[in-house]
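Next, two complexes with chain A in common: one pairs it with chain B, the other with chain C.
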Partner chain A sequence: MCAILALGLVVSSGRAGAQAPGETLGSPHRGGTLRLTADSSGGTLDPQINYTSTYLQLFSVLYDGLLTFPKVEGMAGTRVVADLADHVPEPEDGGRTWRFTLRQGVRFSDGRPVTTDDVVASFRRLFKVGAPTAGAFYGAIVGADACLAHPASCTLEGGIEADPDSRQVIFHLSRPDGEFLQKIAFPHAVILPADTPAHDVGNQPVPTTGPYRIVSYDPNRALTLDRNPAFRMWSAEAQPDGYVDHILYSFGLDDEAETTAVENGHYDWMYEDKPQDRLGELGARYASQLHIQPLFAFWYLPMNTRRAPFDNVLARRAVNYAIDRRALTMLYGGPALATPLCSMVPPVFPGGDIACPYTRDPTPDGRWHGPDLERARALVRQSGTAGQHVTLIVANRSIDIGMGTYVRNTLESIGYHVDMKPLNIAIQFPYIQNTNNHVQIALTDWFADYASPSNFLDDLLGCENFHPGSDSSINMAGYCNQTAQDLMIRALATTDTVAQADLWRQAARIVMDDAPTAPIMSMRYLDFVSARVGNYVYTMLYHLCFSRVWVQ
Partner chain B sequence: MRSSSSLPPGPWAVAIRALARDRASLVSVGVLALMVLASLMAPLYARYVSRTDPFLSNVAGQVQIDGRAVDIMQPNDNPLHLGLSPIGPTGRGAYLLGADSQGRDVAARLLYGGRNSLLIASAAALLCVVMAGVVGIVAGFFGGVVDAVLSRIMDIMWAVPVYLFAISLSIVMVSQGLTIGPFTITSDNLLIPIVIIAIVYVPYAARPIRGRVMALRNSEFVLAARGLGVPSARILLRDILPNVTGTIVVLAPLLTALALLTESALSFLSIGVQAPAASWGTIIQDGEGLIYTRPLVAVAPGLAIVIVVLALNVLGDGLRDALDVRETSRRGH
Partner chain C sequence: MLMTILRRLGQTLFVLTGISVLVFGVFFATPGADPTARIAGRNASPQTMAQVRHEYGFDRPLPVQYATMMKKLFVTRDLTSYVDRGEKVVPEVFKAAPVTLSLVTGAAIIWVVVSITMGTLAAALRGSWVDRGLMMLGLIGISMPVFWVGQVANLLSQSRYHDTIVFRWVPALGYVPFTESPWGWFKALVLAWITLAILFIGLYSRVLRADLIAVSGEDFMRTARAKGLSPTRVLLRHGLRTSLVTFVSLFGMDFAQLVGGGALLTEVVFGLQGVGRLTYQALTNLDLPLIMATVMYSAVFVVIANALVDMVYIVLDPRVRDGRA
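After this line comes the complex of A and B, so read on.
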């Protein structure tokens, strides 16, 4: 697999875009249809709005930004490489100016060339359409504040300038942002044609720059991709050519049916987590088709800090003491797939290594040793919230319901009256973000947008990410601690990695003390593919790379 | 005057004697009594035998088997060490039938589930025959516009498939609860499935009662009573009701069986008994995900439903035979 990738890199560096007929990256495994299946569609096709992992994975082979994360395995896939820009720029003006040069010769799938006007328009559009990450990721661009306040008239005046002759696009930031390049590489910053409507395109596809284009979309049935006729490979690591000719993404089967369909070879890959009751069968009979992969992700319980009973910090701490993280890892699939987590940050990042404040029998090693139900009950009594009614919102997948049932039992055992409300996965995630739905506590997972503690601490608990009344209020807890926020801002601004790590740790400790969420576990990714799938390439951020697998 | 001892036995005494001679009915009564008794013993089993709380997850728990502490969730035997399965039947007191995916004792849940299933089924059947009795007697006795209106309402209800009707009512009531004037029934209250099931079967019970009343309405003793100026209410209570009681009694076990099946179906669909409470339907749903590894979780409550429904149907047949006048006449002569 790695040899093939290396071969691809050699080929691309030697004769970018030139390939022998019927071959992809020097391999004859070109052609066929890759058949994917998911419980439901990911919603809108707008790549600047959609924030579901279902479509972020798909968009990575459809669209390109100035920069991207390379489609290679391991930690190498978390660095930033040039994509539509011809190189990764160096910071200027103390990190306040970034100068990109647009690559020559790239075209959209409708045949039009990608220009600097498209780049400028795409960044303005990002604010106009209310991209979920507009404020959090791109709020440092000069003029972003005005764009956030008045999206329709967004110009990013003074924040972005372009020179069509030199093909340069220059960003000016109001403050240094140590993660600006990662944010430019994130899919919401993809480059779209300048005339793309300044509203959610919904089910209408936008021309692409990657190896595939969208040819049909029925969110209730299927999404079909075929080759982008205008695509000429410019970088094998940024955007390699695809092996398969077509990608068919079907919707409607539940996780159990998807598992059976992949076992029988009716589909090549399934999106959903594999049902717990099928893991034994999969491990015993289909081990060669399974891939256990590292993941920047965790499961957690966001608690609404602005609504009873979890507006009381003692109640939130009680939940953290009560949750049996080991039991929940068992419901997720056991120690092969999950590890108990007692921090808002997975252990691979700074902040994930702080001592667990909510454990039975604390020891100097700071590890979580088990739940402390007595202490949790005492905290609930002390908080005066005992006996209150709590509704737990979960997705209607079998794993979510299994874990949700456990959490409901736990909350009841510490003194609450609990209802569990399962919602369709496509609805649940926006539902739990919107304050109008008065959600008290939810069970959900979160995948990092890129490899940084900020994706967990700042994204999920940053003051700027709480938007009352919006479906895109990713700070579901409604939490805002200015001390923690200042530490996070300092961590984001600094380039000193040691100091940065220390700042993240300080922020993580404050957050855990305030307990706006109850972290549960960090997970590994279990992929299950059909027997005919070859060249399985897993990237840390967007998982299986659809353009790199072959089916014949 | 003849002495009372020389009076012929009344119809109820005849029916009871006939039923007592019917071995199948007696076995059915015995089976039902056993199921009810076992369900009533649920707390004793959970407390003194199983020593678990069947409503609390126990995924990380252990059970003592032959003096050894055994994890309730067992690692699957596969090279990737993927997944865990709940412990299977131990054949001993605790976890006699194994555990479900939440690590709960299936046997204890089966007994507790039986309490809810049997309670809902019998209460729904009782409520149904009361409502159907009122509708059938009023429609059959008064006839005319009253009969036309009530019969058309029953026809409309009959036209909707019973499960579709029940599911529609359940979705509304389970998501919002039920508010009648100052009274509110929360969504997890067992009254909700009881009321829903009772309502959907009213047309099925009301129709034969109405037919029987229409026949009685023109019988000589009713016409005589009317001719003597006896008020309608008195005729209904003294002449009609006693003569349709047999029909109602025969319907009761059959409706209970239907109610049990409907409750199980609704609970299986998560719109009947609400967690953490259990019924046989919810336990089958719990077992659905374990059907490959621990089939007993779904099979055990399924078997319980089959046994009770079979017993109720046999009992219903026995009652019908025992209470049918023509049948008893044939037997008597």
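After this line comes the complex of A and C, so read on.
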């Protein structure tokens, strides 16, 4: 319903700015302060560096790229639409050239107009400041290699050219990239003023283009936003005007205290996952304020394919047969919040719809029906790894430890001697990536940056994402299958969506057969808002859209 | 005298250096604690990792990194957090100090007044049911962990009975500066004060009662009674005054360690952004600059407080000054 309404609000750039005074998108629900709360801040205010979901969500109503993901509900919110560009370009030169035209009349919150110089400088800045996605997302731009090697002197010569008169910005890629538009729409590619310092700005806000601007920031207390006086709406789906006048984001309460504060109406929305011991209370007393939403995310067990016992494919398959995915979803919060997953890709994407190879009583529909412990034990015996010692690494959150304990018991039941090692949540993720730590198996989760199977298959199992001895080696399994890799490279290069989907499915089947990981479940997001919040709008990638809700 | 003070300062410097080396060493000896990947962001390319490593100086030898960090912490005071990049940790600690001071001072007033009343009353009515009742209450107070008391206080005041007249006045968790609203400041802190004070009330009232009973048999107390003074006057003017010596020594140490960050659990439970919560956050995020700043703040506070006490002793007691005690 909200998506339909939102789509109905899409207006041409010429008429978009016209709004009656005191109204937002034709609604009198304008004004007030939206009060948000989180345990801690998201860190730096630099939109080209910050990679936390806390601030990606916030930055989506502050900054704009040439393209963006529309602020509408459902899968419609995952396609790419024009933002600061006036239309979504078609690929040229077999996907190696992309021609954007910058929209007229958009200004930064300090009053300066957005120019093609700002666009070029922003893409150079991605490399100069060492944006986390500089290599993975924008490494195909001609000149990116030189920029990665020598960031300070980055020019992206030959990779990006601008014509101020025609307001055109042209990107040249060294290889076709079928997902280039999604990467341009990703928040790190936002357009900032050309004179933004070429280093992490830390606590200093950069002028915005969206409906809000940052007024003050103390990472240990609060962040405040108010309206961007220079904002004139150009597209209601790309960057709608905001309903509330101010947004106050306070930091310092834990998840339990946040839940209570939202119940009491002290805050309107909380960032943290809702504590499991409060789910019953929330469902019974605040059902109308709860929203269960889809997520592009999953829990899984990466297994080190280069270290015993999981260097043996039979051992990895045994784990996949043994894991009771349904029991783990119960530990996570129940069937409303999670669904068993038997593919490296969540079911909404191509590759997530392949038949499950590791189920009890397989049926033609390909669904997972339950664990097959007998078969798992037989595979462990057959692999010759029975009785080996295995250490399972989990984060030290209660939910991780609960699920980890269950996995440990399962592994013991199929013939391994298992220790579980909980690590500080801040270091568990880099720790399990580094081959020097000799991790055998870990329990972790993963969230997509945009709607594509590549965010799971290629990111987590691509050969290029394995870096021995590094804390940043996201292919934790150390997996590299050249056939699967070739399929993924072909899928990434093509812009033919049907062929692309088929390639992802083929790659997913090979990966599942090799079993470098044991996928567990795909999750849903439980959102909890105060009673005074209206017009709840959830976008698939950045969750609650702060500019689209109102407060009564 | 001068030599003693200088020796004391030298010892202080030695202790602080030792603590900082230990914190630094433990951090870098912890597997996975290397902050590079966390600063660079997930799935950062090897080039970006190298860029971050160079920019933050993680590619330099550990002694150089240690010296740089100490220089930034104590000399230039521009050491910034690894998590909230751009956030200077020294001003952050000093900004958090008034919150901790507000919490600890309020709690101290409560625990001093209540424990003196309880201890004196129990000593005066020694052996009665009042004495036994008060001391049992004290023991219960000592036995209850402060974080549990805080959570229960929050459960009652913020959740279960928040809408009743008893707790309707309780504001959302968090700190309100005194300069912004004195009444808001009081309301935001009063439950935290009581929570933090409970343990100390139990402890101090029991200590005071024991001391009062011990001095009641002393010659000077007998003399006072023989002079015909009223029992109340004997207890308060003679007994209590003498018994407060232990009480005051204990108070000095406890107050110093709480202001130095020892009220961590209370601050976390009540969402107060004091030094303790800053320490907790730094440890949760493994944010070395902030860990270093809060630990050094705490260490400096406690060591200097101790040194001050020792120097006061030097002035007061010639035996200490002459090195005979």
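Note that the second predicted complex is superposed on the first by the 388 of 552 C-alpha atoms of A that agree within 3 Å, B and C clash if a C-alpha of one lies under 4 Å from a C-alpha of the other, contacts with A are read in each partner's own complex, and residues count from 1 in each chain.
Here, contacts are C-beta pairs under 8 Å (C-beta built on N, C-alpha and C of every residue); 3 or more make two chains touch, one makes a residue touch a chain.
All values reported here derive from a predicted model rather than from experimental measurement.
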Original post:
Between chain B (first) and chain C (second), which, if any, makes contact with A:A230: first, second, both or neither?
Top reply: neither
Original post:
Which partner does A:V313 contact after superposing on A: first (chain B), second (chain C), both, neither?
Top reply: neither
**OP:** Figure out whether A:L331 sits in contact with chain B (first) or chain C (second), or with both, or with neither.
**Re:** first
Subject >> Contacts of A:V201 with chain B and chain C, given as first, second, both or neither >> reply: second
Original post:
Once the shared chain is lined up, is A:Y406 touching chain B (first), chain C (second), both, or neither of them?
Top reply: first
**OP:** Identify the partner contact of A:I510: answer first if only chain B is touched, second if only chain C is, both if each is, neither if none is.
**Re:** neither
Subject >> Touched chain A residues, chain B compared with chain C >> reply: C
**OP:** Figure out whether A:L279 sits in contact with chain B (first) or chain C (second), or with both, or with neither.
**Re:** first
Original post:
Which holds for A:D459: it touches chain B only (first), chain C only (second), both, or neither?
Top reply: second
**OP:** Applying the touch criterion given at the start, work out whether A:P430 contacts chain B, chain C, both or neither, answering first, second, both or neither.
**Re:** second
Original post:
Which chain A residues are contacted by chain C in one complex and by chain B in the other?
Top reply: 256
Subject >> Residues on chain A engaged by chain C in the complex (per definition of touch) >> reply: 40-41, 43-46, 49, 51, 130-136, 139, 148-149, 151, 200-204, 218-221, 250, 252-254, 256-257, 260-261, 263-264, 266-267, 423-431, 433-434, 437, 459, 465, 467, 470-472, 474
Original post:
Mind pulling up the chain C residues that touch chain A in the complex?
Top reply: 30-34, 36-38, 40-49, 51-52, 55, 80-81, 83-87, 92, 95-96, 151, 154, 158-159, 162, 171-174, 268, 271-273, 277-278, 281, 284-286
Original post:
Quick one: in the complex, what on chain A touches chain B?
Top reply: 256, 275-284, 287, 290, 292, 324, 326-328, 330-331, 333-337, 398, 402, 405-406, 408-410, 412-413, 419-420, 422, 526
**OP:** Please give the residue numbers of chain B that touch chain A in the complex, ascending.
**Re:** 55-57, 59-60, 73, 75-85, 101-103, 187-188, 270, 274-276, 289-293
